[in-house]
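One chain, chain A, links the two complexes that follow: it is found with chain B in the first and with chain C in the second.
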Partner chain A sequence: MTPHIVSTKIYVLVLAALLALTALTVAASFYDLGGGRLHYANAVTALTIAVSKATLVVLYFMHVRYSSHLTWVFVGAGVFWLLVLIGLTLSDVLTRGWLPSPGPWSS
Partner chain B sequence: MSTLATARPANYLSVDPGVMSWLLTKDHKRIGILYLVSISVFFLVGAVSAAVIRLSLFTPEGALLHGQAYNKMFSLHGISMIFFFLIPSIPAVLGNFLLPLMIGARDVAFPRLNLLSWYIFVLGGASTLIAATTGGVDTGWTFYTPFSSIYSNTNVTLTAVGVFITGFSSILTGLNFLVTIHKMRAPGLSWSRLPLFVWAHYATSLIMILGTPVVAITLLMVGLERGLGIGLFDPALGGDPILFQHLFWFYSHPAVYIMILPSMGVVSEVIACFSRKRIFGYEFVAGSSLAIAVIGFFVWGHHMFVSGQSVYAGLVFSLLSFLVAIPSGVKVFNWTATLYKGSVAYHAPMLYALGFIGLFTIGGLTGLFLATLGTDVHLTDTYFVVAHFHYIMVGGAITGFMGGLHFWWPKITGWLYPEGWSRAAALLLFVGFNLTFFPQFILGYNGMLRRTYTYPPEFQVLNVMSTAGASILAVGYLIPVIYLLWSLRYGQAAGPNPWGATGLEWTAPSPPPPGNFEKIPVVTEEAYAYSTMETRRA
Partner chain C sequence: MPETHSEPHLQHHFVALEQQQEASTLGMWAFLITEIMFFGGLFTLFTAYVSAYSEAFAEGSRHLDLVLGAVNTVVLIGSSFTMAMAVRSAQLGKRKALLGFLALTTLLGCAFLGIKGIEYAHKFKQRLLPGPAFRVDSPASQHVQLFFSFYFAMTGLHALHMVVGVGLMTWLLFHGWRGRFTPTYFWPVELSGLYWHFVDIVWIFLFPVLYLVARHS
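Up next, the complex of A and B:
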């Protein structure tokens, strides 16, 4: 399989997108995007932008978009394992408060 | 055993024997030898520290070490044995040497990267040894926070840097193996014909690549909290100490499978060869390696049942931990079925393989005790846990390594070792191991805590038994060192295939030439065609 050559124009466009998304992350941090039940909104926004940036890097800078199916399988495995790490850790973090803490000892 | 006394043709050992040619080599076989020498140094460090620990535990009040000195000694033992001996033992030594030979290739896919991985290993190891000799570290090999990140005043950072660096060596080796197995198999060597040693290394490489970056980043986070006061794990800084345990065990539980899967690969090769039979249920043994690698990533929370982890998460992790016993059981049953009606020969590698099956089974079954939520509450941080993981790591991983070293020693060096001594050493190791670690199950069940330098006097008899066993174990390791080195000078020439084994590595001369094969072989039959081989002989 001959290596795919990515044009300079695409590299420049991806770089511009990454810089713009970085600026968006900084800008978003100045705003309180939610309160009460939406108190995760800032974190969700920052993480969404970060995942978008990572996707651009993987697809274009790491050439995965132009790579073989086998490469896609390995990239998918990496993403799946990351989800396992996050998901099973959250199974602890999100359920820690379900049982009340033992109260003080009373005679 | 057949021998072939001939003048040795040019081989990877004899061509250009200068030091620089070794230090700049790109030959996978020489890199395997470089790893063998390096990990032997760390085995010695780990073994001496273990000996000091066991001697100290000879008396209830601690015969040699007290307090922090004891903590530093068990930390040195754990760190050197796990990160610098067990994890690289079979993959970096036997894997590097044998994978290309087994798949009919001339080298690994990235020979320069292979050499780089050894240099990275040496750099990480040197960093950790410097940390150990300039004050040591007292956190244990687990580096639990916030003790490691805030409170310990020992060489935590330098040790963690050493482990962090060495992780990259592991990642590069895994990457090299995966690409090599995918891209460089000889014509005709389909996935269903791959030796099980190769399958085991494929699964191991997946774990190395998917897990090692997580522990590297985790140790970096410990450094950030320790050096810059960034609150990640310390509750006083807004961090979560249990988060450290999640990240650490996400790698460190599967790391047990980095140690044990290659040993299982060795055992599959040895059992088939010395039973003169196709391995029973080849597809299931191969598939169970992958299953262990995958499911092994879902079970880490069983190390944290009493950590403050949610009891609901504990239930999930307990259930998942039981699942990983299934593929392990598949292997044990299939090896046993392979022995059934086989022409079993009890050479030293076979004795190690049979020892592996028994010891791994005990280690695995006692692991189920610890995966059970209620039982684990009683057994956590006791010697029961110490005994359990030593049955897996020493009884399993090191026994497999010894079996593999004996099986392929004639291929690696071209010389045969004395048969009687090797069998005696294998038996001695088995006896010494059980005498060392079985009493620890009883000690732990009765409540003796690990990582303490004193213990109640009623535990002394079992501790003395354990220390006595350790001395037998030490002799059991020393004897092979002596006769293997002896064989380099006085051994008989091995010939290409002294065991009459199947597998492409046995078609190459012993020791193999730099390019492994005169012509790349073409594979026309399954991996363990012993019946065909016996028919041809007849």
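Up next, the complex of A and C:
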């Protein structure tokens, strides 16, 4: 397997996309996207953009798109365990107020 | 000896250069995964606290300089691009281009650290460094202080990774200048690139989480 050499054109396109997404996420932060009702609308928007940017960096700048399946398994395992870490922790923290007992969490 | 290899960079325990390169990439990714879990723990904690003290964290976030944060994001994305181009130059055996892109990456990395330093100095002056001198006019000042503990811990650890990255770049510049990297031996550049891009990704998440998200929660 000889290393894949990515063309300059693709690198420039990825750079342009990353800069455009940065401008988009800054612009979006000035608006209340949930209209005062949807509490998490701004957070979801900003994180969706961040995940898109990270995916572009991993696939093209870090060459994962052109790497072996074993590399994909390694990267996927990292992301999976990160989601377990965040998901299981938040499934506890964010649901503590759902049931009346055993009282408030914060002092 | 069973056979002698003509390739000077091939270690004796690998069959071929391709296998050796594959092994080093996987090794680097294994290291980066431990780094993902390391920073991931801080992001998890931050999310848990931002859901508990959303008002105080939004107030803390409004003290941050959005313009400097955004400029630093652009600087770091630019440095990732020059790093990717440095790897490409090494793969093609273009020594001059490699040195140029490595120098640009180092320069942008230092610019990022400089801007971060200006931000830190502002925060110190405004008495926003957690500790006995911390002062914020707010009923929730204790929880605003917690936000700044996260801010300094997360951006500080990220800056420390940037310092290591700049060190790596200097090391690459030295060996690149001596002409050590060739189209068959560019792996040190590639692996340092993986590290640099990882540090960029951490900032890609730090910027919205600290500077943007907390504003509206």
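What we mean here is this: the second predicted complex is superposed on the first by the 97 of 107 C-alpha atoms of A that agree within 3 Å, B and C clash if a C-alpha of one lies under 4 Å from a C-alpha of the other, contacts with A are read in each partner's own complex, and residues count from 1 in each chain.
Keep in mind that, in the parts below, contacts are C-beta pairs under 8 Å (C-beta built on N, C-alpha and C of every residue); 3 or more make two chains touch, one makes a residue touch a chain.
Just so it is clear, the structure is predicted and the values come from calculations on it, not from any experiment.
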**Request:** May I ask you to decide whether A:61 touches chain B, chain C, both, or neither, giving the answer as first, second, both or neither?
**Result:** second
**Request:** Identify which of chain B and chain C touches the larger number of residues of chain A.
**Result:** C
**Prompt:** Which partner does A:89 contact after superposing on A: first (chain B), second (chain C), both, neither?
**Reply:** both
**Request:** Would you check which partner chain A:43 touches, where first means chain B only, second means chain C only, and both and neither mean what they say?
**Result:** second
**Message:** Let me test your reading of the model: by the given contact rule, A:13 touches which partner, first (chain B), second (chain C), both or neither?
**Reply:** neither
**Message:** Quick check for you: in the superposed arrangement, does A:78 touch first (chain B), second (chain C), both or neither?
**Reply:** both
**Prompt:** Thinking of the overlay built on chain A, is A:70 touched by chain B (first), by chain C (second), by both, or by neither?
**Reply:** both
**Message:** Is A:32 touching anything from chain B or chain C once the two structures are fitted on A? First, second, both or neither.
**Reply:** second
**Asked** Just chain B (first), just chain C (second), both, or neither: which does A:22 touch?
**Response** second
**Request:** Residue by residue on chain A, keep only those touching chain B in one complex and chain C in the other, then list them.
**Result:** 70, 77-78, 81, 85, 89, 93-94
**Prompt:** What residues on chain A touch chain C, complex-wise?
**Reply:** 1-3, 5-6, 8, 11-12, 14-15, 18-19, 22, 25-26, 28-29, 32-34, 39-40, 42-43, 46-47, 49-50, 53-54, 57-58, 60-63, 67-68, 70-71, 74-75, 77-79, 81-82, 85-86, 89-90, 93-94, 105-106
**List of chain B residues in touch with chain A within their complex** = 182, 206, 210, 214, 240, 242-243, 246-247, 250, 297-298, 300-301, 304, 308-313, 316-317
**Message:** So in the complex, the part of chain A that touches chain B is made up of which residues?
**Reply:** 70, 77-78, 81, 84-85, 88-89, 91-96, 98-99
**Asked** Can you list the chain C residues touching chain A in their complex?
**Response** 18, 21-22, 25-26, 29-30, 32-33, 36-37, 40-41, 43-44, 47-48, 51-53, 66, 70, 73-74, 77-78, 80-81, 83-85, 88, 91-92, 190, 193-194, 197-198, 200-201, 204-205, 207-209, 211-213, 215-217
